[in-house]
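Next come the structures, one after another.
Two complexes are shown next, each including chain A; its partner changes from chain B in the first to chain C in the second.
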Partner chain A sequence: MLSYRSRIAVFVFLTPPLLAYFVAVVLPIFQSLYLSLFEWDGIFDPVFVGLGNYVKMFTADPSFWGSLGRSLVYVAITLVFQLGVALLIANLLTYATRGREIIKTLVVLPAIVSTVAIALLFRRLYSFDPPGLINQVLSLVGLEGLSRAWLSDLGTVLTAVSVPEGWRFFGIYMLILYGGLLAVPRDLEEAAKLDGATEWQIFRYVRFPYLRPVWITTAIMATTNALRGFDIPYLLTNGGPGESSELLTTYMYKTAFAHTEFGYASALSVAIVLECLIAVGLILFMVRKRGFTV
Partner chain B sequence: MKFALVAALASLLAASPALAQSPAIPPAGDIVPREITWLASRPSDGPVLSTVRQIADEYAAQHPGFKLDIVETPDRPSYLQKLETLAAARQLPEFFDTDATPFADKLRQQGLMVDTAALLDSYGLTDQFRPVALNYDRFGDGSLYLIPLEFGMEVFWYNKAMFEAAGVTPPATLDDLPALCPKLAATGVLPIALDGVDGWPPQRMIAWYPFRLSGADYLDKLKRGEAKLSDPIGVKTTQWLASFASNGCLAKDFSAQGYTDARDQFTQGKAAIYYMGTWETEAMINEASQAEAVRGKIDYFTLPLTADETTGANEFFVNSGIGMAVGSTTFDPLVYDFVKYMLTRYSELYANTGALSPMTYTPEKLPNDAPLYAKIVAEIPKLGSLYAVPWDTQLDPKSNTVMQQQLTLLLQGNITAEQFQQAVDAAIAENAPRFFK
Partner chain C sequence: MTSEAIVNRSLSSILRPGTGSLGLHRIFSQAIILLIVLVQVYPLVWILLTALRPAQEFAAGNPFALPSVITLENFQRAFAQGNLGHYLLNSAIVTLAADALIVALGMMAAYAIQVLGFKYSRFVLGLFIVGIVVPAHVTLVPLFLNYRNFGLLNSYWSIIVPLVGFSLPMAVYLFQSFYSYIPRELYDAATVDGAGPYRTFFSITVPMSVNTVVTVVFVNTIFIWNDFIFANTFVLDKDMKTVPLGLQSYMGAMGSIDWTATFAAVCVTVTPLLLALLVLNRAIIYGIQGGATKG
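Our next item is the complex of A and B:
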């Protein structure tokens, strides 16, 4: 039981951040929820439509379902970088004897570059005419046939807008995972080595079980961040060509500020919140089903 | 961030005050200098803003305490986001930029814009504006709530040397235009440079054929859902657009090319044709910024005709750019007086920058001696009375988005003309009734 003074201290220190969280996070969610029950163009008086926006969203808007599907693909590609590549490099880094700090700095660098600069960079990388770096490399190695307009080709554009998001933050997640790997007891690894375990077996049966809580937290962070991805796809293609790189977030933005359907856009924003909650719930469900604790 | 923006709008629901009344012109009272704001969506270093800044400085010298704060947001989607948020909060500034769009019409209906027809009449300046410049800014019912600050013709800039090398001449008819492409492409150049990132340049293309065949009639019916793209004019238009893909007219990655990318393709000698307004005249006559092979080779032709046209060769896209609205909630004697001073000074100062003015004032000596510039200036008095209007300012916003998205696919050859017609007709049928009752 905390003393009276301690309880006062807890109250004093906890109240401001909780209030800030309520104002910045909880209140907007409930305001959106409220606005989603109206049809409103921002000019004339809002008209109460009950659950009409949700009925439209789930039953009569193919753009919603299409955007949702593309958002999931976007998340999957992003996670390949932010969980897969990040884990691989973090693991390799533990074996490095030189240049570790330089590598850590280099992989974190994209996270501090502005979004607009990243979008410009990738627009040049993907350029077809004049050929960007990717098409130039393909030509150099004799694979001209694979050259294409990456941001205009309906078959490649979604991947092309997803990769920069994955690349941008994978360094941050790599650092988190690397920190987790450093905490694995060395004596256990050495014991496994003495027992004749291969490096893969050491990773699988010693390192990863220790890393799992960090990895799950990282997975939740990366997934929810990717589900909210907006800026790079918006700047690179604005959802195009057609709707081939339209995500739920860019669709919501257009609905609000291009179509001036603020009520329906609020319903879409509520769907994004639900999508994030479901994703986190699914990750935790799968983890607990396997008997792990976070 | 976007989530928070939408959420912020929710809080405005309860804060929306009663409808504003249209203000009296001129407003009663004394001029009390203060800071006023212009929410502008124009290039920061362009002639409009630099001219108005100069005028505001003059006015401030005569009225201590006055200041014009120009909030510049050249990127149009970002600008519209700001405008819509401020409109929803009933916090529109003294001046803001907008086209005569369906959204702006709602602002007008709510009494949030000053009647600029009455305003210009009260200044005695109406006759000093080119009628086409004023008409472009009018709403469908003929009312005027915007002030034009620019004037431009949209033309096809082309490279004479590239045409000569390909053995082609400027097209006489619209059907001749896509037919030029294979010959131009065979010489190793890109036939037509097009900015596909912004939706409006491709959307100009869909307007050309209907304008030639019906003037403003077809668009006026289409936007209300009274005509369809599956009607004969629409079918002819969309099939013609599809031929741009089959004839290889556009860059494979045009949908990822921005405004300056497309212009650079032309001025750097990679593309043969570039459709854009005369506001790009400076880039066309400034040889220092051009590739050597382009210098002295640029000319232009206007919108080609069709076999059954109802419009004249001197009638095409002529517009006055985005207009400036005067907000009614902050309209007072100071704003009234400043606008009068601004418009009185604007004509001369703006025309002397070399830009084409929406007012009839013409400098005694042309500010530029380039032959191409003189040719454009000489074209203005010959213009007809009818002009094409951009479809993106006429269609309801949702249908407009669908059209722009599908048009890219049509021009890339990803969908057929029939699929395009179906998608856009369905969007208009669903959304137009909410805007055009």
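Our next item is the complex of A and C:
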């Protein structure tokens, strides 16, 4: 049992951090839930509408469903890099004989660059006139036909705003997965090799099962991060042209700070939270269904 | 090692007898790795090259050519046009204050939870998960309104508060998991010597936390220095702009952008983080690499 003196100490040590956390995180979450029940432009008196905002969101707002769909595409494209390509490269890197240390540092570099700088960079890379790096490379390899204004072409803009997000944290996820692969017992692989297993079979039946816990963690981190993706699409196109690159996050931001519909924006932000919780739940559900056993 | 020896060695690794298919496999996988490294790094190298290139040459230019002359004019213009010095100062103030708060508050919470211990300590630890799972967007509207009521918009605090709040959970977890490895006997000895909870904190826990502090500060400095969403929402005043907002102002109206000066500004603003990454390289790389396996 704690002495009286220690109990006071717990109080002294715990109050400042909890207070800061409460003011910055916990209280605003409840305020958002509360505000989402009102219609309010921030100037006149708020009007209580109950669940009206949610009803409107789910039944009468095509922009909501459109943005949600595009957010999922954004997540999918991001995950192709952060889980797919990252796993491939992490696996290949374990076979590399030298240069591993420098490669590990180099691939992480984009992660320290601010999203504003990345948006500036990609705006220039995607540029059509004057031709940016991507269009220049295309004409260099004789694919001028594919050149286009990547950020104003309705068919490419969503992909174009998603790729930078996948690119920038690729290195972090690659490193995490690489760390997981290093933990696979060597003798197990040797035994499989002696039994005549191919590299693919070793990956599929020895390495990947061992990697699974790390893989799940990585999947959750990458997915929830991508669902929050905001800065780069907001800065590159601000959802345009039209709504063709509008994500749930940019839509919510616009509703709040361009149209000052604070009540409806709060309902949208609650939807973003739900979306993250559902995603984590879904990943864990799929994992459970396929079994935790190695 | 001479370059000839390197060539010989790589040749022998490719042509090692009896590993024909493996050799091919190796060349192929090295090519893919090289391609990815290029994709990750070349855009950043290109930013640097652009920043060092005369403006006229950039307009005409071949993106893969080295600058014909290296010039620092772009950097001069970057400082002259924007308010770069001021942005850097604002960001430095916000980063230092937020880092200090995150470290101090994180250590305090972890000390109370892990070392002192109390009945609901696991519950409090669980409470911090909320800040990791919940996206910051949900707090933007309420914080904006709260700040407006208290006249805190356009202040350093308006950015520092949410940055600290959302970084605190990870810091608490890192310190807490580190404190769980500090042997109990150390604390018992301190107690026998008559040290109370406060002296123990300052004489044992804090000095032992140095490595974790470095990790927490590095990770959060990247997050804080680069924060866009909080600053963009709560800061409208030109004089309070941090680096990311400042960079945005280089994007002139109607797409008229002085690209070489803009990329010079980007280079300046990324330098502090780059230096930190290079100095702490091993600790950081192995920290990320080991992060999920220890978990």
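As a convention for this text, the second predicted complex is superposed on the first by the 266 of 294 C-alpha atoms of A that agree within 3 Å, B and C clash if a C-alpha of one lies under 4 Å from a C-alpha of the other, contacts with A are read in each partner's own complex, and residues count from 1 in each chain.
The working rule: a contact is a pair of C-beta atoms (placed from the backbone, for glycine too) under 8 Å apart; a residue touches a chain by one contact, two chains touch by 3 or more.
Keep in mind the model is a prediction, meaning the values are calculated, not measured.
Judged by the touch definition given at the top, the superposed model places A:A149 against chain B, while chain C stays out of reach. Once chain A of one complex is fitted onto chain A of the other, the partner contacts of A:I278 are absent, as it touches neither chain B nor chain C.
Contacts of A:L175 after superposition: chain C is touched, whereas chain B is not reached. Once chain A of one complex is fitted onto chain A of the other, the partner contacts of A:A191 are absent, as it touches neither chain B nor chain C. Of the two partner chains, chain B and chain C are each touched by A:S266. In the superposition on chain A, A:S32 makes contact with both chain B and chain C.
Touching more residues of chain A than its counterpart among chain B and chain C is C.
Shared-chain residue A:N238: touches chain B; no touch with chain C. Contacts of A:F128 after superposition on the shared chain: chain B is touched, whereas chain C is not. By the touch criterion defined above, A:A258 reaches chain B but does not reach chain C.
Where the contact sets of chain A with chain B and with chain C meet, they give residues 24, 27-29, 31-32, 35, 42, 123, 228, 230, 249, 252-253, 256-257, 262, 265-266, 269, 272-273.
Taken in their complex, chain A has these residues touching chain C: 2, 5-7, 9-10, 12-14, 16-18, 20-21, 23-29, 31-32, 35, 42, 85, 88-89, 92-93, 95-97, 101, 103-117, 120-121, 123-125, 130, 133, 136, 167, 170-172, 175-176, 178-180, 182-183, 199, 213-214, 217-218, 224, 227-228, 230-231, 235, 249, 252-253, 256-257, 262, 265-266, 269-270, 272-273, 276-277, 280. Looking at the complex, you find that chain A touches chain B at residues 24, 27-29, 31-32, 34-35, 38, 40-46, 123, 126-129, 148-149, 151-152, 154, 228, 230, 236-243, 249, 252-254, 256-262, 265-266, 269, 272-273. Only residues 1-11, 13, 16, 77, 80-81, 84-85, 87-88, 103, 106-107, 109-110, 190, 196-197, 251-256, 270, 397-398, 401, 405-406, 408-409, 412, 414-415 of chain B touch chain A when the two sit together in their complex.
Residues of chain C touching chain A in their complex: 13, 25-26, 29-30, 32-33, 36-37, 39-41, 43-44, 46-47, 59, 62-63, 101, 105-106, 108-109, 111-113, 116-118, 124, 127-128, 130-131, 133-146, 161-162, 164-166, 168-169, 172, 196-198, 201, 222, 225-226, 228-229, 233, 243-245, 247-248, 250-251, 257, 259, 262-263, 266, 269-270, 273-274, 277, 281, 284-285, 288-293, 295.
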